[in-house]
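What follows is a pair of complexes built around chain A, which joins chain B in one and chain C in the other.
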Partner chain A sequence: MFAVETLSLSKKYGKTDALRELNFTVDEGEIMVILGPNGSGKTTLLMTLCTILKPTSGTAKVMGIDVVKDGTKVREVMGIAFQEARGFWRHKPSSILKFHASMFDIDPVKRQDLIEQTMKELELWESRDKLFMHLSGGQAKRLETAKVLVQRPKLAIFDEPTSQVDLRGKRKIWDKIRELRDQGSTIIVATNEVREAEYLADRVTILHKGTLVVRDSIPKLKDAIAGGDVVEVGFEDPVADKLVEDLKNLGGILTMSPEGNQLRANVSKAEDWVPRMTSASYNMGAKISTIKITEPSLDDVFLHFTGKSLEENP
Partner chain B sequence: MNRVLTLASFNISMILAERMGLVLSWALFALQFGIFGSLMSHLVQSTKVQDYFFFYGVGLMVITVFDTGSFVGRRFVERAHEGELPYYLSLPISRRGFLESQAVYGVVATILRAGPPLIGVLAFTGRFTLPGAFFALLSLTTLGLGISGIMISFSFIAFKSIDIYNAIIAGLSALLVRFSTVFYPLIFIPSFYSPVAVFSPLTYGADLTRWVLGFDPHLLLNPILAAVVVTAIALGTLSLSAGIVDKIIEGVKAA
Partner chain C sequence: MSEFSRLVHIARTDFSYFFRTKWLMAILISLNISDMLVTGLVYKGLVTFDYFRFLVPGIVVMGLFSAATDTGRRIWLALREGVVQYYMTLPVRTSGLVAAYIISGGLGGIVYSGVLLIIAFVVVPPQGIMNAILLLPFLFILATGIAGLAAFFASISRVGEIYWVYAQALQVSMVTISTIFYPSSTIAQYLPGPIVVIAEYNPLSLAAGALRDSAFGGGALSTSVFANLLGVSLPLAGIGALSYWVILRTIRIRGKP
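Then we have the complex of A and B:
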């Protein structure tokens, strides 16, 4: 059985197609990262899985239970940390977690310890008695994550869990999510950050405009675009548009940094492309300071499959 | 504890956290009752209403219930927009159970706000009996549920704009209160005005509560009619709300 399975799942908001005939599965016990730019339909998919939104057509099952026909049962086995942590207003973090745990019948004897431990690990313990509305964005986000960590559901969903969280906080959250998987939960993480996906994913699903582009483990995704090399070129000064034009004629997909002095090129063979690039630059009088040939990142994978980079979307 | 009650008490804890607000609202009630009530009852003394002071006191209670009911309803709509509602809808409780928890919340909110004033007015006017207080509270909370239900039912407007919703609700509230028997018996209301008063749920809630408390029935609507209308509004709008909950969520832009 799949932990999650959707069949031709579509969701429209008026005229907007947020999900288009999506066939998507998650295996039990894995961390599935859904990677896609803003507006690609990640949140809509997750809100449908947790029965808050209703599909326009198609079906979705969580642990074999239909989300439309048996919503309450689905909600018993899953937990979601929302993208936006909002609305608790005058409640305190500790009472929010206590309430959440009691709704999911977490053993009252262990509950208090579990909450305390989780709050400490996510650095929320000092703020336990502040009102929710006085928490920072990052704290509110960590509280969202803490709810699901305390709950330990069979299916745990995290919608952009580390947006607004600083790097140290991100690592903490990522480690806790992995720990949850090791304890047996199936996990879905939605993100638009490559680094988050690289750190967490057992497998990645790339979502673009409401459709599934590709789904696989990270090494396999990178192999899929092999034959492709990534070359990063640093110039001493911003380069002329004319040179960029010339380089484009050499083939490959080029992305220029906003400052105009860092070039990232996805090319089929670095050993052919680099000499031609250096001579073209030399002819135009552009001085090269660095050349680096790297392995493709998930960004490149995304670029390869959609023709767009993650940042330049939608 | 049952999940419906766990959720209800989580919401109720919020009212209790604002104890000052509660106490202030009671104090305001006492002040209004004391000053305006005695002033007005002197003015209206010459008419056939024997105990206008008491009549006014019940009217004031109905206003309190109206305020509470519309607060509960508006909070509900705001919750949808603030993202609190999606959270509640992700909890392991049926949609029906969720609405029940919100009804329990509404009832408790009404009792907290209107209960002490009710007992105060009854004690002050020497009319306190336990059954009287109980049935009056029952009538008032049913009215409160209906008011919340009306506010939620109108929330379809909030899909478009929460500002328009707030404006319409404010206008509607003014109409419902002005054109009702909250402060004047229906039989004294001028003929151009009385047909309108018949459309205000407050008319039925106020007259029912007065009847329960032993007020002269000649000055009131038929109590059976009033009871039926108040109950029907509560049940009708609450089941309508059930359908609307899902719609509101769809209307709120996913982040």
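Then we have the complex of A and C:
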């Protein structure tokens, strides 16, 4: 059984298609990152899974439970951290967490310790006496994450969990999300941040204009792009034409562009090509000063599959 | 935790907002108390009947009305601040959420008017106090009905100012065409007969009348008073529940209220 399964799921707002015939699955115990620019349908998908939105057509199941027919049961097994923090404006963070924990039957004996521990881990403890409406954007976002961490649901959904959060806070939240996965929860994270996806994802689903473009692990997605690795080689002297010809004959190379002392090559597998390149250069008497190997980013992957950059509007 | 317990927990949390705006409530209550003591006592010596005993029940009902309409403000804010969407992710049915809000509105009304009643008890005979306590559940139903009307206005208000316009219009019409501050004989002198009937069956008039006769007058409680109060309050609560349910349904379809 999939933790999440949608079949031909569509959602329209008036005449606008937010999701189009989406077939999407998430395995139990994995972190699935949904990557896409604003307006790609990420939030609509999450809102449908957490039963706030009713699909226009198609079906969606969470832990085998239909989100339309049995919404209350779905809500018992899932928790969501919204993109925009939602809390009781005149309550303190601890009472918001206490309310949330009690709604999900968290053991009253352990509740207080769990709340305190989570608040400390997410650096909210210092703000425990502030009202929600006085929290900063980043603090409110961390509180949103804390709700789900305290709840420890079977399916945890995070919608852009680290937007408005500083770099240190981001890392903390990411680590806690991974910890939640290690404790047995299935996780869905929607983001348009490449670094967040790279850090968290067991698998990535790319959404574009409400449709699923591709879904796989990050290494496989990167391998799927022509010219999987980029190798930049620095020589002590200008690169000779003869050397370029010899390197081309090594195989495994897709494109190569020499410029002065530098050579940039797109190769299918850097770990195979670099040893052969260094050996060939040595034989030609060309001295290498630097070698830099990079792999394509998820932005490159997104660009490859959709023709647009993540930063572009849909 | 059962679904009913969750519903009660949500109602309690929403009701706690009533106390979290305590300074606003304190000012409103002090205004009502000032009306009771200043207007009531001054007019007592100027008109031919005991205006204090006439006015105070009206003010108690006005307090109930003000507190119950605060439900609409809370619903409006909760919709715009996303708290309603958060509630929609909790393991409670839509009908449970609706009930929680209406109950919370009723509690607000009863607590506010209860404070005024306690202060007014200084002039109430002992039997009247007992009658007032017996009336409380019916005043609670009335408060849920008014909270329901407020929920309806919150549901059709795109911006906060508009909600206040509706709430004030409701207050002016319900208070003017009522017997809260003047007897029906006074209305009959200036307005046509059907208006007098509307004023007499106005739920606020019925509540004020019940308090005057049985709590402040010390008279026996009449079952017809209870029946009339329920008869006019329950449909209002129903309208409010339906309105709030429609809001939640709209969010499910459009993604926003």
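We take it that the second predicted complex is superposed on the first by the 245 of 314 C-alpha atoms of A that agree within 3 Å, B and C clash if a C-alpha of one lies under 4 Å from a C-alpha of the other, contacts with A are read in each partner's own complex, and residues count from 1 in each chain.
Keep in mind that, in the parts below, a residue touches a chain if its C-beta (ideal position, glycine included) is under 8 Å from a C-beta of that chain, and two chains touch if they have at least 3 such contacts.
Remember, predicted model here, so these are calculated numbers, not experimental data.
*Asks:* Based on the superposition on chain A, does the combination of chain B and chain C result in a clash or a fit?
*Replies:* Because the two structures are overlaid on the shared chain, the partners are seen to clash.
*Asks:* On the A-aligned overlay, A:F104 touches which partner chain: chain B = first, chain C = second, or both, or neither?
*Replies:* both
*Asks:* After the superposition on A, what does A:S297 contact: first (chain B), second (chain C), both or neither?
*Replies:* The answer is neither, since A:S297 touches no partner chain.
*Asks:* Mind working out whether A:I52 is in touch with chain B, chain C, both or neither, as first, second, both or neither?
*Replies:* both
*Asks:* Would you check which partner chain A:W89 touches, where first means chain B only, second means chain C only, and both and neither mean what they say?
*Replies:* Touch partners of A:W89: chain B and chain C.
*Asks:* Now for A:I80: first (chain B), second (chain C), both, or neither, which partner does it touch?
*Replies:* both
*Asks:* Kindly list the residues of chain A that each of chain B and chain C touches, one partner per complex.
*Replies:* In chain A, residues 13, 44, 47, 50-54, 71-72, 75-76, 79-80, 82, 84, 86-91, 99, 102-104 are touched by chain B and also by chain C.
*Asks:* If you look only at chain B, which of its residues touch chain A in the complex?
*Replies:* Within the complex, chain B touches chain A at residues 1, 3, 6-7, 10, 13-14, 17-18, 79, 82-87, 89-95, 246, 249-250, 254-255.
*Asks:* Under the stated contact criterion, what part of chain A meets chain C in this complex?
*Replies:* Against chain C, chain A makes touches at 13, 44, 47, 50-54, 71-73, 75-76, 78-80, 82, 84, 86-91, 99, 102-105.
*Asks:* For chain C, which residues are in contact with chain A within the complex?
*Replies:* Residue positions touching the partner: 1, 3, 6, 9, 13, 16-17, 20-21, 77, 81-83, 85-86, 88-93, 251-255.
*Asks:* For the complex, give me every residue of chain A touching chain B.
*Replies:* For chain A paired with chain B, touching residues are 13, 18, 43-44, 47, 50-54, 71-72, 75-76, 79-80, 82-91, 95, 99, 102-104.
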